[in-house]
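Submitted below is the structure of interest, expressed as structure tokens.
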Amino acid sequence: MEELKAQLAQVIRAYHQKGWSPATSTNYSFRNPETPDVIFVSKSGIDKSVFSAADFMEVDMDGKALPAYEGIRPSAETLIHCKLYALFPETMCIVHSHSLYSVLQSMKNEISVSLSGYEVLKGFEGIKTHETTVQVPVFDNTQDMPAFSETLEQEKARLTVPAFIMRQHGTYAWGRNLFEAKRHLETAEYLFEVDWKFSN
Amino acid sequence: MEELKAQLAQVIRAYHQKGWSPATSTNYSFRNPETPDVIFVSKSGIDKSVFSAADFMEVDMDGKALPAYEGIRPSAETLIHCKLYALFPETMCIVHSHSLYSVLQSMKNEISVSLSGYEVLKGFEGIKTHETTVQVPVFDNTQDMPAFSETLEQEKARLTVPAFIMRQHGTYAWGRNLFEAKRHLETAEYLFEVDWKFSN
Amino acid sequence: MEELKAQLAQVIRAYHQKGWSPATSTNYSFRNPETPDVIFVSKSGIDKSVFSAADFMEVDMDGKALPAYEGIRPSAETLIHCKLYALFPETMCIVHSHSLYSVLQSMKNEISVSLSGYEVLKGFEGIKTHETTVQVPVFDNTQDMPAFSETLEQEKARLTVPAFIMRQHGTYAWGRNLFEAKRHLETAEYLFEVDWKFSN
Amino acid sequence: MEELKAQLAQVIRAYHQKGWSPATSTNYSFRNPETPDVIFVSKSGIDKSVFSAADFMEVDMDGKALPAYEGIRPSAETLIHCKLYALFPETMCIVHSHSLYSVLQSMKNEISVSLSGYEVLKGFEGIKTHETTVQVPVFDNTQDMPAFSETLEQEKARLTVPAFIMRQHGTYAWGRNLFEAKRHLETAEYLFEVDWKFSN
């Protein structure tokens, strides 16, 4: 468990270096296969340039802090994590970015970002050839997390790859472990950037 | 005190890596809650790639070097720091950047940079939702620091978030501690960049 | 041999930092002058941010894993490496990137990227002056590696510098040792970027 | 002397990280105040990502290797260094970059890059206010170093700041020590980039 925390904390600091999480923004979580009903989520308000293993706390599947963490605030977006674990039960890790190109794409595309013909599309699990088109959905941003959770549930059919964008906010991506979640986020961000630079 | 110096020095070197302080440019300061009338400000002419705790000196609230530092020049812009501490007494740390996007925004926007609907706006203290518009003021650059201090005083009402731009020069941001000042500067710079890339 | 593995692994991690190999993408190989019929190629599916000397495996000149590595999958593009070693027998190292500017150039240029008058063209072996024009060929991407190997053989005459682009995929470059392969890839990528930024 | 070599070598590796010297490109030199007729210049063909103090060699004021270095090739552009030391006798250090924005500016501006009103202009020695315009000359690139040295001599009056661009090649900058040369190069490159991004 401690090793998983340390590994994800290292990824978080590396993502901060890329500019994906200015100051205290963004949030991350993982589950342990042995206790899948416990979510380890980043605490609220931590500067991501110095995020460490100690900056995770434990919440239940409804986002409520476990007794050992009473009084400590989890990330404001914890409910998004809870809903994704519920909708996609195989998911064990969820990562997030506020990357510029995710935000830019969401300001240009009302419904989804369409990505066609790129080799790196194969970074999404299950995609075996570049000869395909992927639609990454864009959802409106909101501060109402219960409402957004409902949106995710209603729009589940549009989540054909494990990533979506919140408008003017950033990208969520997930996977069956940290390795896969990381691959999905880096795949999405690379594609958002190259596609933006080609079209603009 | 030594720890605060070391922490801010590390932030300064990291900002240099981002390209926010070419060569010897930019300046930084903080106050100690126990001696709020003493300002620890960066010395003039230090290369920011190697800035260290020893590169701070102490000045009084008028920007005059304390006796122990006689003969050493503080940053040429020390008076801006003095005025900000006077106008916003809770302020304990002031940071500065010469970022490209701050300069670019100031060449395009005569009066202020208007930022609307971004999630990262919540990085500014007191802002709780992305559904808002923030105006970051742009002031003309000058080498006349007493005159600029007066401008700040006259325009205080426009400083609705803790940041402003000097035209073709860069951003100042501040907060109640290093953590908050850093969050405000990174929030402003992120928004300047994404907004520039969307509009240009 | 171990030193060569460690050196190339370090280059791979540095290229990942540049954004040339999001997540597990891209592949690399080298040969040992003492056993030129053995190719040391990167294993499939390794995250390039943590690629190490242990992540190479040995295949023969047809891309078949040597007995010691049975059951381990080499990179899906191993046949491209095999073909390049066969076509250019002096080649001892092959490197690859998924850089944004390589992909962008390939989306704009149907046949080749034309590069004229740049000093850095001299980074390509045999070019002694900037007063020249180089055509870097662009080939269509495919998942059919035997077919692509055949394309390389047929188009060999167009490979006047040791680099080509696969469309919406990335750059391959090679040399008589790691030092030269690295120089060729960095030369190509620099030129793709500056040329893109000038024209777009 | 060894300390100066180590300091400049560290700067060279940092500049490589910025993308200013792909692979083996660019060259650097300094003089020792005690033996001003000896130039310590980078050897030809060294990969700048691993440049070390041992990669300098000594040449005389005509660019001829000192006896201890016979048979080792100095950088092909050593004559440019010799001429700058002759034209500006106070100069003790010369640095060079192949930055993208230097090349881009030189492709757009036939005679010089005009820079107006930027605070960072004060990074050039002798400039005390942003209310000024600086012309950084652009000279045509050539492989004929004696001819280029002559150009520098003829055009000396246009070198009003310690920097110039060779077209589609890069920037040279110099100063009375490494600290100042570094400040001049970083000042020039920052201004080339911000000015390019504003105009394009």
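We just call them A, B, C and D in the order they show up, numbering each chain from 1.
As a convention for this text, contacts are C-beta pairs under 8 Å (C-beta built on N, C-alpha and C of every residue); 3 or more make two chains touch, one makes a residue touch a chain.
None of the values given here were measured: they were computed from a predicted structure.
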item	value
Copies chain A and chain C touch via same or different residues, half shared test	different
For chain C placed onto chain D, the superposition rotation in degrees, Cα atoms, nearest 5	90
Farthest-lying chain, centroid of Cα atoms versus that of chain C	B
Intercentroid distance (Cα basis), chain D paired with chain B, Å	32
Contacts with 2+ other chains: residues of chain A	none
Overall pattern in which the protein chains touch one another (line/ring/star/complete/other)	ring
Touch relationships between chains, expressed as pairs	A-B, A-C, B-D, C-D
Chain D residues within the chain B interface of the complex	14, 117-120, 122-123, 128-131, 179, 182-183, 186-187, 189-190, 193-194, 197-198
Complex contact set, residues of chain C against chain A	19, 22-25, 47, 49, 98, 100, 103-104, 107, 141, 143, 166, 168-170
